[in-house]
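Structures follow.
First subunit A sits with subunit B, and in the next complex the same chain sits with subunit C.
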Partner chain A sequence: MNAASPILELRGVHKRYGVGGGLMARRRTLTAVAGVSLRVERGEVLGLVGESGCGKSTLARMILGLEAPSEGEVLLDGRPIASLGRLERGRLVQPVFQDPYSSLNPRRDVASIIGLPLIVHGVGTVAERRDAVAEMLGLVGLAPRHAEAFPSQLSGGQRQRVAIARALVLRPTLVVCDEPTSALDVSVQAQILNLLLDLKERLGLSYLFISHNLAVVHMLAGRVAAMYLGRVVEEGEAGRVLGAPQHPYTAALLASALTPDPSLGLPAMRLGTVFPNPLALPSGCAFHPRCPAVFERCAREAPALLPCPGGGRAACHLTGQDQHQAA
Partner chain B sequence: MSGAGDIVLDVQNLEVDIPTPGGMLHAVRGVSLTARRGETLCIVGESGCGKSLTSLALMGLLPAIAARRAERLSFAGEDLLRAPASRLRALRGDRMAMIFQDPMTCLNPSLTIGDQLTETFLRHGKGNRRSARDRAVALLERVGIAGAAGRLGQYPHQLSGGLRQRVVIAMALMCGPDLLLADEPTTALDATIQLGILQLLAELQREMRMALVLVTHDLGIVARIADRVAVMYAGEVVEEGSAAVVFDAPRHPYTRGLMDCIPQPGRTPPGTRLGTIPGLVPSLVGDMQGCAFRGRCPHAMPACTEPVAVRGDAEGHAWRCVLPENALERAA
Partner chain C sequence: MDPIPAASAIADAALPAHAAAPMPQRRLWRRMLGNPGLVVAALVLGLIAIMAVAAPLVAPHDPYEQSLDTRMTPPAFVDAERSDPAHLLGTDNLGRDYLSRLIYGARISLLIGFFTMLVSGVIGTVLGIAAGYFGGRTDMVVSFLVTTRLSLPVVMVALAVVAVLGGSLQVVVLVLGLLLWDRFAVVMRSATMQVRGREYITAARAIGCSVPRILWGEVLPNVLSGLVVIASYEMAQAILLEAALSFLGLGVQPPLPSWGLMVSEAKEFMLFEPWMIMLPGAAICLLVLAINLLGDGIRDITAPEGRS
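Moving on to the complex of A and B:
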């Protein structure tokens, strides 16, 4: 372990896919992730927000080693992910996915689902593995009797607890949570969020927490990054990003989060609804066709991700000019 | 204020039973609701609370296995319980319309959206092909779809999720319904797209003076769009009232618990734990005595095992709980 290096570092990561192509059609390139650089420090929660199709799940897949970047580097614990073996990688980073109905093997009982990573990694004896599974069950708030249950016998919240136990049984340092509560009811979501907070404190975990729900991100994350069409458009300390967003897109995301306050009506939304075609990205700033603060320079020139007042970085020509309350 | 003539939908003591191998499942248990013209009623609750079955029962669209009973189910003064199937078919899609959660599964992938938009209009004899087409174009434009005329020949897979849901809304409005029932219409969509759809529904509801019944699990949506709220738990409406009153002074511990579960930027400081509702929803198979929430309720007492009467005040706030009225009040 290298205590000085961040647990996760992304350096100029790109991911391109070839799509279409055939007898007559030309093969085209879809850029899902376009030059993302981010860090997650030890014990930190980085919230990653953005609409569907912005590349946040592709990014997660590269961090988990399920896909290789087309360009750029993913470093886990200071080492390039490509240099790590499958097992080494599995001890550093583990996923929790959105849908606890499809991410658990329906034909295995809970104990063997949670214990499988230990067998794959050849950890401990049969008795030690059984103890480790029992400990994990307690840690995620499941009863010992759940060890013999099958996923179909569990509720959505219990299944997500099993998925979390499976992710933590190898004691990874980083957990990539991809929309872990989106499929759950609000009362169950609250339980799972509380559990993730408890586990982070007890085990000193770091999370990359991917969500479209800004209220959830606000509760969990120390830092937040917003992605739009494969690029990070704003990044910084959570209080600053969600309190005083510098990018019009972040401001629009924030405005569309409906808090349960009946004295507020539906917020006005001046964000265009035309979602751009990722195969034919707009010129200049990719957000400009939907941006309420768009001006002539935006279509011409893509803004760089630069430091902004109050800390963090934002990729907008208006950064620092304090004109984005519009969105 | 609205008078009795404005009541579009009136249902009293609706019950839906589904036979299961383990016994009779009482999925909806004595639900009473009214929806008025020009009003948005939100039915809110978690999975399995019976909110979707309630809306299907209102439309007469329950699966054949489910049995529906009610003391009264009337639509614009007309008794739907005794109406023949042909009359229900004539009303559905014409004067009462429904929008479902997933716009992909309720659009036919092999028909153009033009065909699907005009189908109900023509079926209900509202006009000829030409007027149906004009109406479809006008409505597509109204729901914010640019280049509407050119879209009529497109198939559902050529549209994004947000656009599809706009098409579904336009379809529901083709005949100018008095009642629009929307079951989780934005759950599959991004927050930014969701907001656009909700704004559209709210505008259309005002413009067309419809009664809008919106079924959702999202209290954020309810707070922002509802005139009145019905909170459902385990097949029952446990609390009902104006949105302002229900959110500011909930009288049922379940409503209070739900509200405490939601993280709120600004009010929930980072790192604090959210409120939770311990335990699980009770099984609705077999007969249930007393309050269905008592097993999870922090205020449960012996009286909760007895049948709980609905209490209410003069402002139309009603709740099903034995607690004293101010028991859930909080110091601000």
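Moving on to the complex of A and C:
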């Protein structure tokens, strides 16, 4: 293990899919992820925000080694993910998924679900594995008697605890949480988030935390990256990105967050109704057709992800020009 | 702030309501007993199976023992005057005890039905799961094989092959097994495609499970209920086809007592001794009905998503 290298490093990662194609139709390319470079340091939580379809989940699948990038490199613990065996990879990075109703095999009981990674990796004897499962149950706040329950007998929050236990039983260094609370009741969300925070401290984990809920990201993440149409448009320390966003898209995301105060009405996103089409990317800055602060240079030239005043980086022609719109 | 105990207290508080609900096994039993078709089918099938297994103990006579003096004795309920109390269901045209032959015939039917289902089930399930899980080119090849298989008329091909290779138990099982796997493949393919998209499959891959382990441990248990239903239908199908082949003289060869063969042998006397053709016909009908009812029942008690 190399202590100097970040636990996760993405270098110019692209993912393209060929879609359609047939006798008459030309095969078209869908770019799900277009040149993402990110780092997650040890013990850090990186929040990844963005609307549906912006490539967050595709990125997660590549980090888990379930899909190979079309271009660029994914480095886990300083080593290219393609060079790791599937067991080695599994010991470094584990996922927690959004839907706890789909992420647990309904035919296995809880003990068997949590114990499966140990069996696959040949860890310990039968008795040692049973102890490890019992310890995991305790760590995620489930009672020992839950071990014999089937997923259908558990509530959504309990299922998510089981999913977390399965992800952590191998003691991975990095956990990729893909919207781990968005399928849960609001009251349960807080419990699961507290659990994730607590486990991070106890087990020294790093998280890549994918969410569209900015409040959740603010609570958990040290750094935040915002994605739009497969690109990172802004990245930086969480307080700065969510407090003083430099990119109009991040600003719009923040403005669109619902508040409990009904007198404020529905938030206006001010992004228009033009939905991005990943099959036909706009010229220049991918965000320019929806940007409230668009000007002629945007359609012509794609902005680079450059350091911005308050720290971090943003990909907008307006950053550093002192005239940016924090909408 | 110590979130863990508080959180676990809430998690625990939610449990008693679930713990009070009956365990899945008990619920399954209750649902089984609440399905009359399933209960009747299971009883009939169980009875036939016990008879078949314990045939030497149950059968009153040797099924091959001929007695030309007592040919075509009718059973008592057909003609009480001519009947013989020693032969409960009468005798056939060679004087062999009809009841004993029916009991031994159940062996043949169940044997062929079971092993054909096994052969076709293994072929169809392997192809279907492979096509559903891997998709792409594998799926194309399997779909082509299924289409090819569907374009072959089962009875014609079976007749041709049996005519060339000669009829015997093994040949019939093999030929039918190689012809009846299409439904397994189609159903397993679509069931696997559904399961493949579930996140527990993704989780298993992320853990580092090998593909065989994923197919065996994660996919197969979740497509099993569909498999059981198809298996019952295919078993019934195989029993009917064996009867048809034997009737045409190309299945099991005499003097083996097969129900289809018994119908065939009795057809010459159909107008004079109609009971001779009715008894094995009724036996085939009853067995196939029971197996189909069992399949329907299993489908009914497993299909409602009350399980999850």
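To be clear about the criterion, the second predicted complex is superposed on the first by the 313 of 327 C-alpha atoms of A that agree within 3 Å, B and C clash if a C-alpha of one lies under 4 Å from a C-alpha of the other, contacts with A are read in each partner's own complex, and residues count from 1 in each chain.
What we mean here is this: a residue touches a chain if its C-beta (ideal position, glycine included) is under 8 Å from a C-beta of that chain, and two chains touch if they have at least 3 such contacts.
Every value quoted in this text rests on a predicted model; they were computed, and no experiment measured them.
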Considering only the touch criterion stated at the top, classify A:S155 as touching first (subunit B), second (subunit C), both, or neither. both
By the touch definition at the top of the document, which applies to A:N194: first (subunit B), second (subunit C), both, or neither? both
Mind working out whether A:L242 is in touch with subunit B, subunit C, both or neither, as first, second, both or neither? first
Looking at the overlay, does A:L66 come into contact with subunit B only (first), subunit C only (second), both, or neither? second
Touch test for A:A221: subunit B only (first), subunit C only (second), both, or neither? first
Find the residues of subunit A that appear in the contact set with subunit B and again in the contact set with subunit C. 155, 191, 194, 197
Residues of subunit A that touch subunit B when the two form their complex: 51-52, 155-156, 185-191, 193-194, 197, 212-216, 218-222, 238-239, 242, 252-267, 269, 271, 273-275
Residue ranges of subunit C touching subunit A (in the complex, touch as defined): 1, 3-8, 10-12, 14-15, 18-19, 21, 24, 198-200, 202-210, 213, 217-218, 221-222, 307-308
Given the complex, residues on subunit A that touch subunit C span 61, 64-66, 85-91, 93-95, 97-99, 101-108, 116-117, 120-121, 141-143, 145-146, 149-155, 157-158, 161, 163, 166-167, 170, 191, 194-195, 197-198
Interfacial residue positions of subunit B with respect to subunit A in the complex: 46-47, 144, 146, 160-162, 190-196, 198-199, 202, 217-226, 243-244, 247-248, 257-266, 268, 270-277, 280
